[in-house]
């Protein structure tokens, strides 16, 4: 057993445990926290896969930003009561479907092995990404920025109280 | 002879004219009487030209069944010509009589239009040269009878009686219909001539021929009120009395006898069928006569008497007495029509039908009483009146045919006939009970007088003394039928007369001498049995009416619960399937995506399994 | 034969009325009259077709043929499957055509008293007529099916919107049953199309008759197709136990629609059975004749018995229709000229009689607001004319000679007695039962004590007398002179069996 | 060669994807549903990065793609949450069972 494999197993356990906890915990906040575990585990995988920059971004965006946003979301809405139970029939149908889906995909990817391994990813990883972004992918990059801007504005507009609603709120 | 067609057409014209001018023209009776009178004259002319020219037949194509052409036509042969005269004569007289009897009825015109339709149908029936046409008119007269019995439609009894009359006769009609079908497939034709030739040539198997003859007889039983389909005829007395005289005494009910006479070649070819006819006739004769003994309603007594006399005719026909049967049919038409019209005159005068509530009417209604007496004597077989000769002929034939049991029954019936007729006569016309009554107008009396004369002299067309004119004429037929002309023993007329007079005497002893007789409510067993008409009505009510209702309810519940239930189950299943679909459309994204994902899994599974990845 | 556009004009003629109605404002005073006028044009055209129809020539007349579309298939790349626009009339269909446009016209008259949303009613009504006319002039199974479906849809809407209390239930059971029927019919059509490469009815009849060697379809397949056809048209006819929808529709639908339904729509079942069942699969029919006859007897007696104890006039008439359709089955089952002729006669005659009876029921509903037998009675005192017509219609229905019902029943049973005398003897009891239930119902309405409740009731009005009198006189005309049907029918030549 | 094969990463990603899917389809709280979707996106990202190292024509492009995905996911999270809050204000619930406006 190599050290790499050991690390993989540890990360795998962390990630899956986080996922399972998310599915099985009852309080919403706890679920969020379990997910942070998963996100961190995934970041570990990124490092193993010579993607330091992505790993850092993962930690920043997911474990940081998105989690915080979601926590805000939870706090702004009702969260005190426990997650209501879903019917067994529906759960069963979904679970069976997912297990079948898993088995089929698993069968497909179990022994997959593609081409040679890329060796130079860890060399100046961030630089490589930066070059790539500003050369080949400059247009998508700019578009993504527009998307982000739109999302920002959209989120503000959506979350802002309607003036009409406000008036009605005042009247009532 | 070429104006034979006028005979049915004139009454039809009467029907149509009255039907369409009903709201504007008030002289319906006159129109009907005139046109029927014209038809009667035509019949007379046809009768006499038949003596000169013999049989007559005209036919036209009607429609085709594939290659078989079905025709309609008019036929005159001795039997037809005689029937025509009887029908049109009685119809004419009844028309005339009704002008007085129905004068105050608000549906006066309707009555005459029905009478016209009936006369049309009856003459059409008589003139038919083929069985299909005969059957059509056969049903039509049934409908007219139905309409006229139910003429007082607001009376529930009339409604029930009309329905009963139609349905009971239809049961018989179905027998006739089946016989017609069988004959058609045996001979390929409805024409009587063709059928008779085939029967004579032996083209029809004997057993089948017997079956056909009996089926035809079933039709006759229904129409002529023979046992066991007799119960409608007494009930049919709910109709106006002239109708009872015309339809339920003289013409339509005699159509059964006529039918047997018309298809006589078929009957004479089968001994079993003949015996059936004779036994049914004889049994009906005495059966109905006994019921008439206990009946209290004037018209119903006459109705049972009609049944009994029709049984007599059947007995004659069954005993190979073709002439005797037709002869009695003729005389019976006269005296029974007379009796009914006279009874109508009484009812018209006193508005009462129970004979125990009448009495002493001979003083108030002398003419009616005299005419009724003539009729009663004639039907009882009093010597030298019409009924005497025809009854003798029947008794002689039965004796000559060797059916001694039936002969005795015939004699007994003759005695009973005299008894119940004079029971009726004495109770109604003698005694000194005083009832308000006025003699009928002459428009009613004249027809009765004409019939009275005929009831006296009508018998002389066929006697052993002055010649058997009627028989010689009737029996001119191209078919070989074994007509029986036994040498009647001299004692038969004697015994018959004695029995008739004996019957009258017994009636006198029981009913004639007393001044007034109350209807007694105490009845012994036999009397009750007779009074309840042997419980035949009750039996039918219980057996057939209830029976069919039970079956009907059974099927209705099967329909309602099993078939509707099955249908409901199908609809329920469809509905549930639809509801399941509706449930999926819950508006919840999760449900939608679950369905979409399940679809994906199914597709993947299919690809995996069919593609052999597993 | 020369190409003519008469039939196309005929089936499109209701469209004129539809267009005119749709541009009229819905509350216009003359909207009902417009609707009636819309049915006059098809009637006139049908009369023209009827009178121009050559009764001395056999075969299909007024043929119109246009190629509609072609299907290229991998099964036979060189022989495309052709679907054609194919019209024509035979002696059989011209009679049904006449029946359809006549009854539609008379039914439209009875709808004159309709007050609410008459516009929509008449538009759908004319659409129904279009479908009916199309069904009877189609010489092509696809066209037949198309028009058949048009009748279903318009009928569904008519029942569902203008019906009685339970109209929606009635409409849905109508749709479900008839939908199943059309699916089966479609299956048969498709199988025939795939196997025979044509859907022309006459061509199919010839091909299927000539190939005794079963070149095209095996005997088993034919039997199955015949059974499917029997069920498809049996639902329409209807054959017990597929009849519940029809009773419901009879009880719930508006009177004008019931007249068409009982008078014409149910007759599509008989038409289909005669044209396709007898035409395409004579051998199979012969093999299953006993089954058919038993079904017929069941229909006859079952309907009669149940009609005997119904307490409501419409139900009595509905079950009486079932009973009468049994006679059609018996006629078909006998499979000889007399029987088949009887079946056709009975179909036409029952169409007329049922239309007349329901027309009068419409009057009852209008005047007395009830069809319960025990609540009616003694009507003959207050409305003698109405009572007279009802009595005449009832007598016609129970097969009174001189009216069309008799000759039809007579022929059907005559035919049956040749092939199956025993079944015939059982079935003939139905004639007695018919008399019993019909008289019971009719007399319960007309006869009986005068009811003061009904004093002052209006007798028939002119607009009711005219259609009743027309129907009754046609019924009597056919009864007195049946050649008017049999000459046109040319049965042996139309259906193609020898005597 | 690395001792951890490509399929190991792929199976991990598959597991995560399945968990996310299960959560997205069964959880009632809309926030958790959103988070579950994020989890599915993460699984995809993991695949992208794994292919960047072990895939056909492996190169840095896979990582760039995953960055784009993360960006879009962030935007999605933001907008989703905004919608959620707007909805919550109108209907006072985050229970997806009660969000059935698609039906009407």
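When the chains are written out, they are named A, B, C and D in that same order, and each has its own residue count from 1.
Convention: contacts are C-beta pairs under 8 Å (C-beta built on N, C-alpha and C of every residue); 3 or more make two chains touch, one makes a residue touch a chain.
Bear in mind the structure is a predicted one, so any value in this text is a computation, not a measurement.
Chain centres defined as mean CA positions place C nearest to the mean of all protein CA atoms. Annotation: 69 Å between the Cα-based centres of chain A and chain C. Chain C and chain D have CA centres that are 64 Å apart.
Distance between chain B and chain C, defined via averaged C-alpha coordinates, is recorded as 37 Å. Between the CA-based centres of chain A and chain B the separation comes to 101 Å, rounded to the whole angstrom. The set of chain A residues touching two or more other chains comprises 90, 94, 101. Multi-chain contact residues, meaning those touching two or more other chains, occur in chain B at positions 594, 597.
In chain D, the residues that touch at least two other chains are 21, 25-26, 97. A list of each chain pair in contact follows: A-B, A-D, B-C, B-D.
Taken in their complex, chain B has these residues touching chain D: 585-590, 592-594, 597. Within the complex formed with chain B, the residues of chain A that make contact are 90, 93-94, 97, 100-101, 104, 107-108.
On the side of chain D, the complex with chain A involves touching residues 1-12, 14-16, 18-23, 25-32, 34-36, 38-39, 42, 45-46, 49-61, 63-64, 66-68, 70-79, 81-86, 88-89, 92-95, 97. Chain contact summary for the complex, chain C toward chain B: residues 172-173, 176-177, 240-241, 243-245, 302, 305-306, 308-310, 337-338, 341, 378, 380-381, 395, 400-402, 406, 410-411, 413-414, 417-418, 421, 424-425, 428-429, 431-433, 435-436, 439-440, 443, 446-450, 481-483, 485-487, 491-492, 499. Chain B makes touch with chain C in their complex at residues 61-67, 132, 135-140, 143, 150, 153-156, 158-159, 162-163, 166-167, 170-171, 174, 177-178, 181-182, 184-185, 548-549, 551-553, 555-556, 559, 563-564, 566-567, 570-571, 574.
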